Amino acid sequence: METILHYAWLIAVIPLTASALIAMFARYLGEKNAWKVGSGLMLITFLLTVGSLIAVIQHPHEAGGPNFYTHPAWHIHFNWANFGPYEIQMGLQIDNLTALLLPMISLVSFAVQVYSSEYLHGDKRVPRFYSAINLFTMGMLMLVMADNLFLLLISWEIMGLCSYLLIGHWYEQEWPRMGQIKAFLTTRVGDVGMMVGIFIIFFAARDLTWHGLAEKIPELVHDPATAALLALGAFLLFTGAMGKSAQFPLHTWLPDAMAGPTPGSAIIHAATMVAAGVYLVGRAFMVYGNVPAWVLAVIAFVGAFTSLFAATIATLRWDIKEVLAYSTISQLGYMIMAIGLGGWTAGNFHLLTHAFFKAMLFLTAGSVIHAHHHNQLLHKMGGLRKKIPVTFFAWMVGYLALAGFPGFSGFFSKDELLLAAATWHNDAVHGWVAMLPYYMALATAFLTAYYMTRATWLAFFGKPRDQHLYDHAHESPRAMTIPLIILAIPAALIGWFGTPVFYHYFHADWMMFIPEFLHLPGIEHTAEFSTELAVTITATVVGLSGIFLGWLLYAVVKPETRAKWIAAGKPIYTLVRNKYYVDEFYDLVAIRSTQLISRAISWFDGAVVDGMVNLVGVVGIAVANASAWFDANVVDTLVTMWADIARWFASSFRRLSTGYVQQYMLTFVVVIVASVLLFQVIR
Amino acid sequence: MTTDLLMSGQFWTFIILAVVTLISTYRMVSVPLITHAALFMALSFTAVAGIFLLLQAEFVAAIQVLVYAGAITTMVIFAIMLSGIGDIKAERKSKVKVWHSNPFVVVVGAVFAAFMLYLYSTANLPKEAAGQNMAKVADIGMSLFTTYVIPFEVASILLLIAMVGAIILTAKEAES
Amino acid sequence: MQLPIYYPLGLAALLFGLGLWGALTRTNAVRILMFVEIMLNGVNLNLVTFSRYYWQSSPEMAAKAPILTLFIMTVAAAEASVGLAIILAMVKNRGVIDVDKVNLLKG
Amino acid sequence: MLSLIVFVPLVFALIMLFVPKTQEKVLYWLAGIGTLIPFVLSLVLAAQWNTANASTEVYAKGMQFVEHLTWIPAIGVNYTIGVDGFGFTMIMLSALLFPLAVLASYKYINTRVKDYLILLLILATGTNGVFVSLDFMVFYVFWEIVLLPMYFLIGIWGGPRREYAAIKFFLYTLIGSVVMLVGAIYLYVTTGVGSFNLLQMAAETSKLPIDGLTTFAFFALVVGFAVKVPMFPFHTWLPDAHVEAPTPISMLLAGILLKLGSYAMVRISHPLLPQVAEKYAWVLFVFGVVGILYAALAAMAQKDFKKQVAYSSVNHMGFFVMALAAASVLGPKDPAMAQVALQGGYFVTIAHGLISPLFFFAVGMFYERTHTRDLGKLGGMFLTVPVAAFMTAFIAFANLGLPGLAGFIGEFVALTGSYPAFGLWVLVAGAGLVITAAWHLLTMRNVLLGEAKKEYAGLHDVTWKEKLIFAPMAVLIVLFGVYPKPILNVLQGSVEVLSKVMELGGK
Amino acid sequence: MPGAINWTTAVHPNYVFIMPQLIITATLLLVMIVDFYVKEKRNLVWVTLAGVVVSLFSVFFAATDEDIKLGMTIGEPREFFGGMLVADGFTFFLQAVLLGIAALVILLSVDYVEKFLRGAYLEYYQVLLSATLGMMFMVSSRDIVTIYIGLELSSIGSYILAGMLRKDPKSNEAALKYFLNGTIASAVLLFGVSILYGVSGQTSLEGIAAALSGTGVVAAAGDALVPLIVTGIIFVAGGFAFKVAAVPMHLWAPDAYEGAPTPVTGFFSVGPKGAAFGAVLRVFLVGLGVAPFTERWTLIWAVLATASMFVGNLTALMQTNIKRMMAYSSIAQAGYMLVGVVATGTEPAAGTSAVIFYVLAYALTNLGIFAILTHLDQEGGWVSISDFKGLVNRNPAYAWAMLLFLVSLIGIPPTVGFMGKLFLFQAAAKSGYLWLALVMAVNSVISVGYYYGVVKAMFLETSDKPTLKPSFGISTTVIVSVIGVVGVTLASNWFVQMASNAAAMLK
């Protein structure tokens, strides 16, 4: 398998080729064949990635443990450009983390493409969709393979572009058009911070490659000033992650991103792109791990807060995709938090599991919507489990994984994550504050279980609330269900590769595969087994009680009673229901004020700057004249003032020339006599 | 001013001539008839010629009488007669604009003269330089035809062109 | 000379000033011309005075003032003839000799 | 060779004088050939480009393809031309854009074709001349040659308010250039170097003490150039000029004319007076950064598509100004980063020279079809003219600085270099980036997306001519976005030299 | 007392040197004789032109004469004819320029004389020649007597020329105003001369200079005499300021220019003005360039220069009659040239060469403009700016030539006007009058305001008037001017060399 790594660069090239092919031959391929090219090539990519993973697993690690961070299993690079005297290396690398993520990305992409062949049946712009998806996959693959921050940024933005394109897939409608702009701009805000972060890191280290940074940063932080600077850079870098991974306060774009086709959302806004932020923080851990601790603390709290915040919102969503969207924000918050807590492995592990089950959940939701005649609203569903059994099965796998039901993948990764929270230790945070993330994470776990149960019950159980829709509901075609199954398998099982608690009892090596494979020496602290066990039990209890509460409220309690309770907690309900008014706040503060300023500046530019410049250049006189000649309508007060002054002078000069010759002579003589007198005075 | 000076004929001659000059010049301004003005001009020129004589510049005095008192005055009178403007009796003074009016000009003229006088008096001019080589006509002639031969010739062209100009500007149309 | 230099110089300045006054106040073009001649006379007087008082050290220098005066007179005569011709042309053409009435050109 | 590049268009212009004006095809052919010859020649030069061949003469140290003829030795003016990285990239850009502009004019300009093409060719001579001049006077002559053709090209073939726009352009640049001339002459006189050769002058002027007059001279030069760049707040002529100019002229205006200013800054004002540049770098920085943000906001509020694009020029050139200011600050402190800043700033201008003309071209495509540039009236173009809309979207993304396209590299490197000089103030420029992105997206939403409009049904999609113009530029935009090394390498040597000058000047 | 003057030392003639003047004089007389014998009076043009051209050649011939060259190479100007004439580069340069002006004016007025001056070729050319002769004497002497006589000869010629349109009241009026103002001015000038003579006893300039630097009366009176001398200098300056039409002694100029026949206006704007500048330079540098006085007259000229530039340019903005506008323009141009005169205070060589080069530049440019004006005048009479409407359609060659001339007047390269301004800038900067250079720069821009009106009318407006058929005399003048405007720029080294040689000898 070693040799397969020689062709690892194909992993990025093949999807790009697919994208280009589909774009170029769009008209020729049409709706019928575009998916074949895309998914076919993606399958090859998937096989390659799997091969690479195996190769990496077999790769003899450096002595003293998995030192993959500085010595990737595979690395190619070349001198891409010179920034001044600095050579910028451009290259691809595969190390353990990358190797683990690559198959996930390509598999999800493959599944999504197969799924879309049916889902987008009859759509006008299928080739465009496939081209974008393949381009996107390329971006994501390149992002995880990038050996430097610069290439990462480029991939990052390519994905942003694809996200923009896919959200706006149905650009005739208003929602997608606004959603795509919102997504692009919100992430752009983060990106600017991230770019400045990169500048700072480059300024401090004069290097952007991962291995270079890993070597230089630990030495650089010896100087407190540089360390503080790097901390700032690291924080700004994190703002990029906040934008991409939809962390509070840059989270608002993700729900609106659901305006695009569901399969696209599945891969971009659930599985991969949004996780890029998490990946970035993880990948740049050589920075975060070395700079002053407050940065990681901030990251942890941002993550924790986001996860809880989004989870509360998700409890009151009625659109099935929106529930999933807020759930995604919440789960991303989890991962961010985990890495901020130092739970590097846990965060990346959750990234992996979440990618599978959330992608699958989205596809399932798409299937539900497809089956339900494009109805996305939960309160019109109900009892669908009989009509669409395969979909229901897949949903249940995803639901249980997300809710943290023991045995499913999400349970194990969440467990790891909670453990990291429970044993958090940070120099910048002390006392009860240090325990906050843990309790917030538990609350999130509880809410997650609750809202997922709510959604599941409303959609699949109980009585149909809209009989007409229910009657016409039908199971999706095989092209849609098979991908669900494909994804259901890892979604259910992958968690077993990282089960320290079970390992304690069973001692099967594969149970510790992921923690071992992704182990970062010197960063994570090992916990006592008793703590691990306690956390596992707590998590299980919390998850189950969440499920129970959901079941209680929606299966047992009558809707009227629920309404009464809601009325009782009206203010809170309204607040949460309106997503804490963050959108409205932005609309007021960011968007409207920007528009206002921009209009003001536009006016200012025409009226004042134009005038000021003319004022500064005395010669604006002539401009004024010019404008008087051609354009009496230019309201340019300052300029006209100058023009008036000039004209006044000019006409008074002109008035000197009266035509009376004696007056000319007199002027002549007077001037001479006057100057003679003057020269007596000034000598 | 010494009594010596007051006793000298030179002084009184000068004063008389100066008074004649100034009065006749003033009359040039004030007489209504332009022909009279022309005659006063001739008188003024002649008086100045006297001063030239007093200053021992006989040649200049002679030319002054010939050219100014003679030629130019005659020409002016001829012109007046030719154009028939001599009939115009009362000629108004310039009434263009206030600042252009008589008093202002008087001030200008007066200021000029007064100021020049002031300048001369403060300039600490020496009394008289040494040497008494009065320019004789022969010297002048010598200079004129040696050193100043070029200006002299140019002056002749000047006169020629003045003649041509006078003709072209006033001659009747030859044809049509 | 016993006569202080200020006397003839003063007379020259007064002549010049009177000439100015006349030239600027009288509107008859011919009369203006005459006053210009008066001014030139003032200049001549100046020259001769200076020459008489200061520059008698050599015949060459002594001759300079009379010669310059001679040229001035010549030029004055030529100017007068051209000027009178111009005035006559104008009188013929427009029937005015008053310079105040001559202001077609202005502004 | 360089002389040929400069003067071949002029020769063709003279030839065209004798072609009857009814022979429009012949005229177009002649103009096409007259602009293509410099293009081919510039490719030949590109093949010969080699830093090792640089001249070692004192009047052209480090320059390549130097030509040196005496012109007015009495006052030390010589016809010295040559290029380094700064000039060479610009020559290439100009050589590329002029044939495309001629092509874009074909069938677009229908009145007084002969005059138009002749003026265009004279313009080419002027701009090319500016980019190769190593003597201030030669530079100034070419600089001013540019002025009049441009005035007429806007004033005769422009939009409804063309006269106003043309004279505004003319006066602004003229004011700038006369002031600049005074500044340069002061330097020439005060150093007593006796030569207008820029390199020889720089050797002396960079040692001048920073007093009132040197400061005056510096700002006289900078303002003269800033008007062309155009740097905030001297930019107000630009939107007017662009809005009124015909499309090919807008392309040239954005692609080349603005570069005259940026080129002149790196060639003249900053090498000549690095010490003053360092002291007053904050002024340039403030203007640059404010310009970035300000122009972005101003663009956002425009209702005229073309005006928006014009403001985006101000925005992008702001990056150049900012980077230049950064470089002059960093020169004495951190020359390596100064090089980064310079390289980035100059790359911005090159990228802008590729992107902006194409953007104007895209706007022109819509205008030609719909006869409106009103953002409120356009819409649904993706459904009406998909290819044209795709082109526009491509350009818009390039313009807003999407990675992988040329615009991004410049901005990224420029900001990388600027950060060490000005710290987090570069975030203001970053805000400009966001707002730039915002209005691009909003404009795309208005113009390209949405339901197809009835009144625009049946518009024909892009023609071959348009594809022919779009393709080479787009290819270059992608190429330099993915692999900027060729340009960066060409710039490298010049950047090193300039940073060294700044290093010495600042000390 | 015969024998007091040594004939041989006093006169020391060289007829090679006076040959140009002699030839002109001879032509002046020859024309009269030829007039008797030719039927077609138009042929007198050839005689006159031949005379001027031969005279022009004889200038070059004189400049290369062994005897004179000997003097020129050792840097000491040689005096002939009793010191009344001086053989130096300055003389030759200006004489050549003045003869060139005469030749061009002769050419451009061929048809005009036929049409408006009743075919009075003899008188017209005779007077023109005599005025030229006077100007030639003005610039070739170091003695106030000759300068004065030359000045008067040119003035009287000018009065006559201005009044040549006998039947035209405006022409009468122009002549009258010019005459009356001119006589007053010469009286004032002479009053100043008389004071200078009084304190020095000399009419030769070096004699005056020697006296002013402290001998004779000046030594006797000491500092108390300074105010009197300054007053004399002011009178002299006033007289010359009238001749060059510097503000505030400019008021006659617009009226005289407007009323005079158009070719004559062209002649006025360059000929007497150029000669007067020659005389100004000579008188002030050679005669009055003595320590305590230099700064005084520098100040006077600086004030006059500033006033001339501003008043000339601003008032020109308000004009609708193009001849009047050109009058104000020429006032402004005089202001520019005065900047050079100011510069001579501390930098005699630079200032002088700048001024005389500018005289050449201005003459070439303005005569071209007046050739076209004359043509338009012949077609329509009253020349207002609106007569220029659509000139590009009526006669494209004229329109483009006119554009070139206007550009030259503004001072935009590549025209001779720019070179002229450049030298003026340089001189001003060298002598520490940077602010004057700036005023000049600002004024160049203001001047665009009114020149632009003409350009706009020519190119941006249309007219239904018939096409203009070029005529021989005018076309030749325009061609010569165009060649001059561009050619002198390109070959400026030769001219600059000449000018600076000339300036170096002026002492």
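Observations on the structure shown:
Just so it is clear, A, B, C, D and E label the chains in written order, and each chain counts residues from 1 on its own.
In this text, contacts are C-beta pairs under 8 Å (C-beta built on N, C-alpha and C of every residue); 3 or more make two chains touch, one makes a residue touch a chain.
Small disclaimer: the values here were computed from a predicted structure and weren't measured.
Common neighbours of chain B and chain E (chains touching each): A, C. The greatest centre-to-centre distance from chain D, using averaged C-alpha positions, is reached by B.
Here the largest set of C-beta contact pairs joins the chains B-C. Relative to the centroid of every protein C-alpha atom shown, the closest chain centre, again from C-alpha atoms, is found for D.
Centroid analysis (C-alpha atoms only) places B farthest from chain A. We define each chain's centre as the mean of its Cα atoms; on that basis chain C and chain D are separated by 65 Å. The geometric centre of chain A is 102 Å away from that of chain B, both derived from CA atoms. Averaging Cα coordinates per chain places chain B and chain D 71 Å apart. Chain C and chain E have centres, each the mean of its CA atoms, that are 25 Å apart. Touching of two or more other chains is recorded for residues 617, 619, 622, 626, 654, 657-663, 665-666, 669, 676 of chain A. Residues of chain B in contact with two or more other chains: 94, 96, 100, 105, 108, 112, 116, 120, 125-126, 129, 136, 139, 142-143, 147-148, 151, 155, 158, 161-162, 165, 167, 169.
Each of residues 163, 167, 171, 175 in chain D touches at least two other chains.
By the contact rule set out at the top, the touching chain pairs are A-B, A-C, A-D, A-E, B-C, B-E, C-E, D-E. Residues 658, 660, 662-663, 666, 669-670, 673, 676-677 of chain A are the ones touching chain B in the complex.
In the complex of the two chains, the chain C residues touching chain B come out as 1-11, 13-22, 24-28, 30-31, 33-35, 37-38, 41, 44-45, 48-49, 51-67, 69-71, 73-82, 84-89, 91-92, 97-100.
Within the complex formed with chain B, the residues of chain E that make contact are 1-2, 4-5, 7, 10-11, 18, 25, 28, 81-85, 118, 120, 123, 126-127, 130, 133-134, 137, 141, 143, 145-146, 149-150, 152-153, 156-157, 159-160, 163-164, 166, 175, 216-217, 220-222, 224-225, 227-228, 231. Residues 79-86, 150, 153-154, 156-158, 161, 164, 168, 171-172, 177-178, 180-181, 184-185, 188-189, 192-193, 195-196, 198-200, 202-203, 206, 594-595, 597-599, 601-603, 605-606, 609-610, 612-613, 617, 619, 622-623, 626-627, 630-631, 634 of chain A touch chain D in their complex. Touching chain E in their complex are the following residues of chain D: 70-75, 115, 137, 140-141, 143-145, 147-148, 152, 155-156, 163, 167, 170-171, 174-175, 178-179, 181-182, 185-186, 188-190, 213, 216.
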